[in-house]
Structure formats: C-alpha cells, structure tokens
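One chain, chain A, links the two complexes that follow: it is found with chain B in the first and with chain C in the second.
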Partner chain A sequence: MKLSNKQTALVVLAALIAITPLFFPSSYYFRVGSLIFVNSIAVIGIVILAGYAGQISLGHAGFAGIGAYACALAPVHLGLHPAFAVVLGAIISAVMAYVVGRPILRLKGYYLGVATLGFGILVSMVLANEREITGGPDGIQVPDLGLRAIVKTMGLDLNNSEFWYIFSGLALILGAWVALNLYDSPTGRALRALHGSEIAARTVGIDVARLKLQAFIISAVYASISGSLLALQNKFITPDVAGFMHSIEMVTMAVLGGVGSVLGAIFGAAILTMLPQLLTVFAEYEMLLMGLVMMLVMIFMRDGLLPSILRRIRGKDE
Partner chain B sequence: MSLLEIKGLGIEFGGLRAVHDVSFAMNEGEIVSVIGPNGAGKTTLFNMISGVYLPGSGKLMLEGKDVTGMEPHLLARRGLSRTFQNLQIFQQMTVLDNAITGYHLQERGSVLADLLNLPSSRHRAEAAREGAQKLLARVGLARAAEQEAGNLSYGALKRLEIARALALSPRVLLLDEPAAGCNAVETEEIDALIAEVAAEGVAILLVEHDMKMVMRISKHIVVLDHGEKIAEGDPATVSQNPAVIAAYLGTQEAEHADS
Partner chain C sequence: MPELMQFILSGLTVGAVYALVALGFTIIYNASDVVNFAQGEFVMLGGMITVFAHGAGMPLPLAAVIAIVITAGVGVALNKLAIEPARGAPVVSLIIITIGASIFIRGVTQLVFDKQLHRFPSFSGDDPIHIFGATLLPQSLWVMAGALVVFVALWLFFTRTLTGKAILATSNNRLAAQLVGISTNWVMTLSFAMSAGIGALAGVLVTPITLVSYDVGIALALKGFAAAMLGGMGNPKGALIGGFLLGLLEALTAGYISSQYKDAAAFIVILAVLFAMPQGLFGKKTTDRV
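Moving on to the complex of A and B:
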C-alpha cells in the first residue's frame, strides 16, 4: 500500500520521536526533546496561519501566555484540575483570538504584523504588572499535572523529563495530524486559495474575513496549548512566555524550517531549540553565529530548510 | 425581467470618471460583449459588476434583486462568477486543487470536521474532486491535474480560470479577455467552450480584444469609450456605427503618434 503524504509525514514524525531516545547520552536530552515538541506545537499554529493562510502574527506568544497562566492560576483560584486548565486556557485564547482578530485581520502585511505585535505586548504587560494575581515579572508556580503519578500506579515509573518527552511527543503527533488534516480539507484549500489570490478566492465564494478569523483562532489554540504544556512541565512560568522574543522565535522557527509545511516547522523548531545548546562552545559568539545561520538559510534556502533539502534530494533522483 | 440588469453604473477614482452612467441588460444564454479602446473602463465595469469595486452610482440587479455593492463571495452564492484579465490563479496549488476551489460553496462545511478528517469532510472533498476532474477534462487540462499551476502555459491557465469559474455552476459568467495571449487554436477552443456554456443557459458577459471572436459569438455588443457607453446593438449594427469607428480609429491614430 502506498502511503499518502500525510501518512508518510506522521510515520516519520512518530518514528523520530520513538527512536531518537535510544541515542540520548543522558536524561538531559529528554528535556531538550520535550522543549522541541512544545515549541513545535506553537510553530504548527504559525504554519496554519502564515503558511496556509498567508497571514502574519508577531504576537502569538500572547496566546502561549494565556495558556501558561491558565495552568498556573485556574487550579489555585478556580479549583480546576490542571488538565481542565489547559482546556480553559485554550477556550480563553480562542475567544481572545476572535475578539482581537475580527478588527485586525482586515489589515494586511506589515500592518497586521504591528497590530498582532501590540496584542502580544499587551498580554505580557498585563502578566508582568498584575502582581497580586500573576506574581509579576518573577513568575509563578504551576501545579503538577498529576498524570505522571497515575502512570506510575500503572507500573511505568518515568522521571519528569522522560514523562514530558513522551507526553508532549504524543501531543505533537496529535497536533501535526490535525494540521495535516486541515491542509487537504475544504477549509485548508480555501485558506491556501486566499493566500494565493485573495480576490480570486472571494470570487469563488470564499468568505475571506471569516476564514482568516478561523485560521487565527486555530493557531491561537495551538499557541495556547504549547504555553500550557511548557508551564506544566517547568512547574514554573514567567511573563517571558508571552514576550515579544517568544513571538519572534515562533515565526523564525516556522520560516527557517519551511512555513508551508508541518514537518518543516517541526524541523525549524528542533534546529532553533538545539542550536543555542550546540553553539554554547563558542561562548560569546553564540548569538552572532545563530544570526549568521539564519541569514544564510534565508538567502540560500528561501522556502525554508526542509522543503529546500527535500527538493534537492528529489532533484537528484530525476 | 432580465437575468442581469445594469442601471446607470458609475465610479470615480480621485475625481476621474472611470465609468459613467453605463446601462444594459442580459438574459439567460446570451453572450454580450463589452468592447472599447484601452482604458475605456471595461475592466473597471467588470470589477463593479463582480463586487470587487463598490459602484459610486447606479444599480446592479441580479434576477430582479438589487445586489449593488454586494461582496464578491455573496454574489458568487447568487450565481455570478468571473475570470480575470491578469490571471488570478492559485500558483502554489495544483491544477486540480485550483479547480476544486471553484467548488468551495459546495464543499465547505464544519471546520471541526475538517480538522478531525471526519467522514463528512472527506465526502465533501471527494465530491468536489470528482466534479473538478470532469471540468478539467472539459477544458483539456485533465493530464495536467497534478502539476503545480504555476508551471502551466498562459493559454492553459486561461482555461483553468474558466474551469474554476464554471465550477460554481454560475447563472452569469464574466470573462475578462479569455483569449488574450492565446494562439489561434487555443482561441478557437475557448470560442467553442463559451458557445457551449451559453447554450446551457448561462449568460456570458465578455470583454475581448479579438474582434473576429467578438463579432462571431456575441448576440449583443456594448461599446465603451472614456468610461461611457457610446453604442450598443447586434454585431452588424455596432460595427457600422460612426461613433464606434471614430473611437477605434482615433485610438489607432493616437497609438501611431506614440510609436
């Protein structure tokens, strides 16, 4: 049986997640791995918004902040189980995306970038300034998800890093599956169409405003869940999660890996999560080298790393 | 009652009257052509009829209902579709996906079903795919279905746009220079396709520079110059109208003077 593109992508992803731990020299790498997965989830959201629909957001960390602080605050103030706090965070993010997206998605290009940027900054400022609730810039404790203890009673004793590697790995596979479903679906096709030509999309009956809003909401939920998982595995969170740098990181990961492809985005997230760790040997030149790598990729592989590499491999086959 | 009625449509851009007080009407199965020298306002008129521009004055009636200023996607739901003079193809998508997009109104449904790849979503997509494949065969693009649209020749893209517009099963079809840039064989094919579609009862509004084609297939011709209607009628009447001849000769002289 021949696998479809979607099935191939999912099999490759699952295999990578399952096999790479065999080569981990220490349990520290489980930690790096789960960070990559959590980042990837947010970046897939960017792929849906920017890669499918062609809309930019420089404020998506704001939604990650909402997801993260929902996990910190809802269990304490509302008595919600952390798992339901993730859901609550996603719902709040979706509602915020709707409220914010409706007016600003009419903007295009740079203007949309700046408007979303404003939203992200707003969220991070609220988180930093409402000390009494959020703990301010110093951050706040996040309760344990409690799932590891349940897994232990089932006879599987994992340390924290191992547990989160598996759990966020599964979440990533689920997130990738949903995004790949969307790509080939009627909605995904309409999103890609409005990316290609907004005017042509409108003349075939696509309600462009509504579809952009849907893409914005879906991608906000991805960012929110990513933020929640980050908070839960760190058991501690600061307003930086909603900060400008985090928003830029998401977009950079997506563009570097290949903004049109889900696997590419994960690849980008992996590279940019690991690169700083690899470059630490260069000490003070770390940031310089990282900037250089990004610039070279954008100059020579404009479609992003993964699509460019794949094309080169396929090109040789022919 | 006419299928499409245009009553005194006009628009200004920064004080310049691009189109002024243009009226005409068309019925089912009719091919009506809009002709005129470059810059006469033909495409602007098209953009108003298809909802891309908001008319500054006048009315647009579709099946007796006032649809003036309605958004393009709402006009599409009422059976009006169009092609573009400067191709508006989804370049990064496959030829087949481009055609399927024309079935958007039929294949759209719950976003949740799409995200979870539920059977309802797959059925919708599958039905649209089948329709699109038939349409591609009809315009002679079946073999290019899996290619990226950006790789196709200009003439092929023109036909792809027509296929995409036909996917909406329109009652009114606006074709903006469908034969521009096509060779003689391709022009003839498009010519035949237009006649065929009209025979099925679709009202076709055509902007075209190929005068032979216009004279051959149009039932009715509207002539624009400087944004105003200077003549209308059947091909024989219009081609002998002194104002029309003057407008065309005038521009030809101007073009000679430029070169």
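Moving on to the complex of A and C:
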C-alpha cells in the first residue's frame, strides 16, 4: 500500500508522539510535550489562515483567551461541564471571528495586521479589567476536566503530565488530520488560489470574501481550543494568554517552522516551546538569543525550518 | 473646563511622542515597505543611553546627542544586518524579523545597562505652567515642539532637497530610482539612520516625564504603529495627526470614561476608521497590479 503525503504526515506525527516518551527521563518532559501539542493546535490554525489563505493575524491570542476563560468561567457561572465549556468557547470564538472578520478581512497586509492586533488587545484588556468576573490580571482558577479520574476507574493510573501529554497529543493528531484534509479539499484549493492572487481567484468565480471569512473562523476555533486545553491543563489562567506576545508567538512558531505545511508548523511550535526551557540555563541571555534565533531563521531559511531542512536532505538546493 | 483643558494638554504630550514614533515608522516604510516593530526600541535606547552617559558625568545636551548618534548607528546596523539580507521576504517574515530585532535589542540593553527605571532632569525645570486653570510641565512643551519641528524639517527635507526626493523616488519605484542613478542602498541607510535618530530624540525628550527602562519600547511601537495606520501608512502628515489624535483619545477616555480602558478606546476608533477608510485617514488608495 502506498501512503499519500497526507497519510505519511499523520503517521510520522503519531509515531513521534507515541515513541518520544520512551526517552523521557522525568515527568517534566511530559509537561513540555503537552505544551508543545497545545501550542501546535493554535499554530495549525495560523497555518490555515496565513499559510493556506495568506492572511495575517496579530491578534489570534484573543481567541485563545476566549477559549481559556470559557473553561474557567462557564463551569462556575453556568454550571457547564468543563468539556462543554471547551465547545462553548469554540462557538463564542467562531461567532466573534464571524462578526469581527467580516469587516476587517477586507483590509490587506499591515492594515489587517493592525486591525487584528486591535481585536486581540481589546480581548486581553477586557479579561484584565473585569476583575469581578475574570479575576483581573492575577488570573483565575480553572476547574478540573475530570477525565483523568474516569480514565483511572478504567484501570489506567496516569499522573497529570502523562494524562495531558496523551490527551493533547490525540487532540493534535485530530487537528492535524482536519487541517491536512482541508488542504486538498475544494475549499483548501480555493484558499490557496486566493493566496496566490486574489484577483485571479475572483476571476475564476471564487467567493473571496466568504472564503477568507471561513479560514478566519476555522483558525479562530483552533486558537480557542488550544487556549481551552492550556487552561484545563494548568488549572489556572491569566490574561497573558490573550496578550500581544502570545499572538506573536503563534505567528512566529508557524512561520519559523514553515507556514505552508502543518508538520512544519508543529516543528516550529516544538522548537519555540523548548527554546525558552533550554535557554533558562543562559537566563540573562535568554531574550538576546531568542531575538537572534527569530532573525536568523527568517533571514537564512525563508520558507521556515522544516521545508529548508527537507530540501537540503533531498538535495534540491536552490 | 480646566478639567477638559488638562486632559487635552496631557493628550497632546503623549500624542507628540506617538507622532514621533509614527514618523519614524513612516520614513522606514516609505524607503523599504517594512513596518519596523523595533521602532519603540529606538525611543528606549535614546532614553537609556542618555541616562547612562549623563550619569557618567557628561553634560545633558552632549549625552543626548551621543544617544541619538549611537541609536542612529543601531538603526543602520539593523538595516544592513537584518532587513537588507531579507529583501523580498513576505510581510509576515519581515514582521517577525523586526520583532526579533526588538527582543534582541531589549536583551542587549538589559545586559549592558540594567532593568531599573531611570530618569534625568527636565530641560527647563519642573515648575508647572498654568494655562486656563490646567497645568503643564515645561518638558511637555519640549516634547510637543520636538514633534512639530521634526515634522516641518521632514516636510522640507522631502519636498525641497534632492536627497529627500531621492527617498520618495525609491519608495515609489526602487528599480526606476536605480535607473536614474539614485543609490538605493544609500537611501536605505539614510532612512534607517533618520528614523532611529528621530525615535531616540523622542526618548530623550520624554524620559524626564515618563521615565525609561529596558522594556518600554514594545508598547510605544504598538501605539506608534496604530497611530501611523490611523493616519494612513507612509504619509508623514497622517503620522503626525494620527499620533496626536491617538494621544488625545487616550487622555479623554482615561479622564471621562475609564483609565483602564484608555487603550481600548484608541483601538476601537482605529477599527472604526479602518472599516470606513481601509487605507487610513490620509492613505492613498492603491490598486493591485495583476
């Protein structure tokens, strides 16, 4: 049986998630691993928006904030089970993306950048300032998902990090599968067409405005779910999850790894999530090195790390 | 009435700083189509270097000049080492490069200097001036005058000098500019030096009021970016008016509505303006080449 590119990508991803824990010396690595997966989910959303459709967002952390705070607030105020809170957060994010996206997706390049930036800042500001509801800048507790206890009754006793490693790993595989399918679907083709040239796409009858909006909504849902999983895993969340730097992190992870491909984006998320952990050794130099890595990769590996490395391996040098 | 006057005066002071940052954005954008997110770091460097040069015993004016010159050098280095090698890269990559540069500059500053808040004395004392029942620090006048002087100087430079016209020509069409004998590399160097120098000047002027530390740059860059977009990217007049408008909006929101949401008001107005005028207030309407 010959595997398609899509299937190969999923198999590689699943194998990596399954095999790497064999080499983990401590449960701290499970924690880093699950952080990588959670970040990857948001970054796949960016791949759909920026890599497929060619639109920028500097405010996607706003959606992550909505997803995260839905998990913190809905169980307490609405009596919703945390699992449904994830869904509620995704729905709110989708609706927000629809409402905000309709007017701002007409904007191009930097103008779209500043508009999405504004959206993200508004969300983080509301989260930081409405202390009575959100707990303000100090953050808020998030109820337990309760799934680990259920797994335990089935005879599988996992510690918190191990459980979240597996759970967010599965979520990531699901997210990657959806995104990879989207790539070859008629919608995905149309998105890539409008990325190439909006005018040409319109000429062949593609409803450009509707498609951009779809990509924006889908990527918002990814960001929202990523935020929810982060909140549930940490059992605590602060407005920083919706902050500008988090938005930039998402975009940087995607572009650093290779914004055109799902695997590349996951690779980027892995590198940028691990880098600060590695750099704590150099505490003082952390910022300096971080900035340097961002610049060097973008200058010397324009298509992102993974595509550049693959090209070198296959020997197709420029 | 005195209340309103007070809000307007503080809005104009902050607005002048935003305007200076936005003007810096505009110059680099015109020369290279790059929005330089490290622009706020120039303001920070201007303040920090002046603080330490002054602390080392130099007279304030000399310290300020040194800060501006060094920062201009940093701007040139940024262009040569990070922007020029990435010529032709997509917008997202350029955003990441300049944000990477801003994090890098912050990291270096924090190592070379420190993480403390600093200030140096105001230029003309700290006795407030009374205007219609409101008070104004003499230093605020320096900031506002700085923004206006820089704007007029830029306007004269771009309309009356050959070099200024060469920059405009380069922004219009790089290849055509090269064909008529303009050294576009020189234009880029000059633009980054000017932009960084103006940023540093803003830092020198505003530090006695707002203080400076290694991490003040990013907030200023975002506000300056927003101001430049509000006015219409690439237009110096738009940058000036966008900056003052943003400052006024913030001060009035902080005064009459809620100080916590002062940044929100600014961004809501920007979103509203962009909905109605996707090119900003004074931006040129562009069409795509197919």
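By definition in this document, the second predicted complex is superposed on the first by the 315 of 318 C-alpha atoms of A that agree within 3 Å, B and C clash if a C-alpha of one lies under 4 Å from a C-alpha of the other, contacts with A are read in each partner's own complex, and residues count from 1 in each chain.
One rule holds for everything that comes next: a contact is a pair of C-beta atoms (placed from the backbone, for glycine too) under 8 Å apart; a residue touches a chain by one contact, two chains touch by 3 or more.
The structure presented is a predicted model; accordingly, all values stated were derived computationally and were not measured.
**Student:** Would you check which partner chain A:Tyr111 touches, where first means chain B only, second means chain C only, and both and neither mean what they say?
**Tutor:** The second partner, chain C, only.
**Student:** For A:Gly205, select first, second, both or neither according to whether it touches chain B, chain C, the two together, or no partner.
**Tutor:** first
**Student:** First (chain B), second (chain C), both or neither: which does A:Leu289 touch?
**Tutor:** In the superposition, A:Leu289 contacts chain C only.
**Student:** Under the stated touch criterion, which partner chain does A:Met298 make contact with: chain B (first), chain C (second), both, or neither?
**Tutor:** After superposing on A, A:Met298 lies in contact with chain C but is clear of chain B.
**Student:** On the A-aligned overlay, A:Ala193 touches which partner chain: chain B = first, chain C = second, or both, or neither?
**Tutor:** After superposition on chain A, A:Ala193 lies in contact with chain B alone.
**Student:** Have a look at where A:Ile121 lands relative to chain B and chain C in the superposition and call it first, second, both or neither.
**Tutor:** second
**Student:** Applying the touch criterion given at the start, work out whether A:Ile56 contacts chain B, chain C, both or neither, answering first, second, both or neither.
**Tutor:** The second partner, chain C, only.
**Student:** Could you tell me if A:Val255 is touching chain B, chain C, both of them or neither one (first, second, both, neither)?
**Tutor:** In the superposition, A:Val255 touches chain C alone.
**Student:** Looking at A:Lys235 after the superposition, I want to know if it touches chain B, chain C, both of them or none. Which is it: first, second, both, neither?
**Tutor:** A:Lys235 sits against neither chain B nor chain C.
**Student:** Once the two structures are fitted together, what part of chain A is touched by chain B and by chain C alike?
**Tutor:** Of chain A, residues 197, 199-200 contact chain B in one complex and chain C in the other.
**Student:** Tell me, which parts of chain A touch chain C in their complex?
**Tutor:** Residue positions touching the partner: 50, 56, 58, 103-104, 106-111, 113-115, 117-119, 121-122, 125-126, 128-129, 197-200, 244, 248, 251-252, 255-256, 259, 284-295, 298-300, 302.
**Student:** Applying the document's contact rule, which stretches of chain C touch chain A when the two form their complex?
**Tutor:** Where chain C meets chain A, its residues are 35, 82, 85-86, 89, 91-97, 99-108, 110-111, 218, 222, 225-226, 229, 233, 258, 260-261, 263-264, 267-268, 270-271, 274-275, 278-280, 288, 290.
**Student:** Which bits of chain B are touching chain A when the two form their complex?
**Tutor:** 50-52, 71-73, 76-77, 81-82, 84, 88-93, 97, 100-102, 104-105, 107-109, 111, 114-117, 121, 124-125, 128, 164-165, 167-168
**Student:** What part of chain A is in contact with chain B in the complex they form?
**Tutor:** Residues 178, 181-182, 184-190, 192-193, 195-197, 199-208, 214, 218, 260 of chain A touch chain B in their complex.
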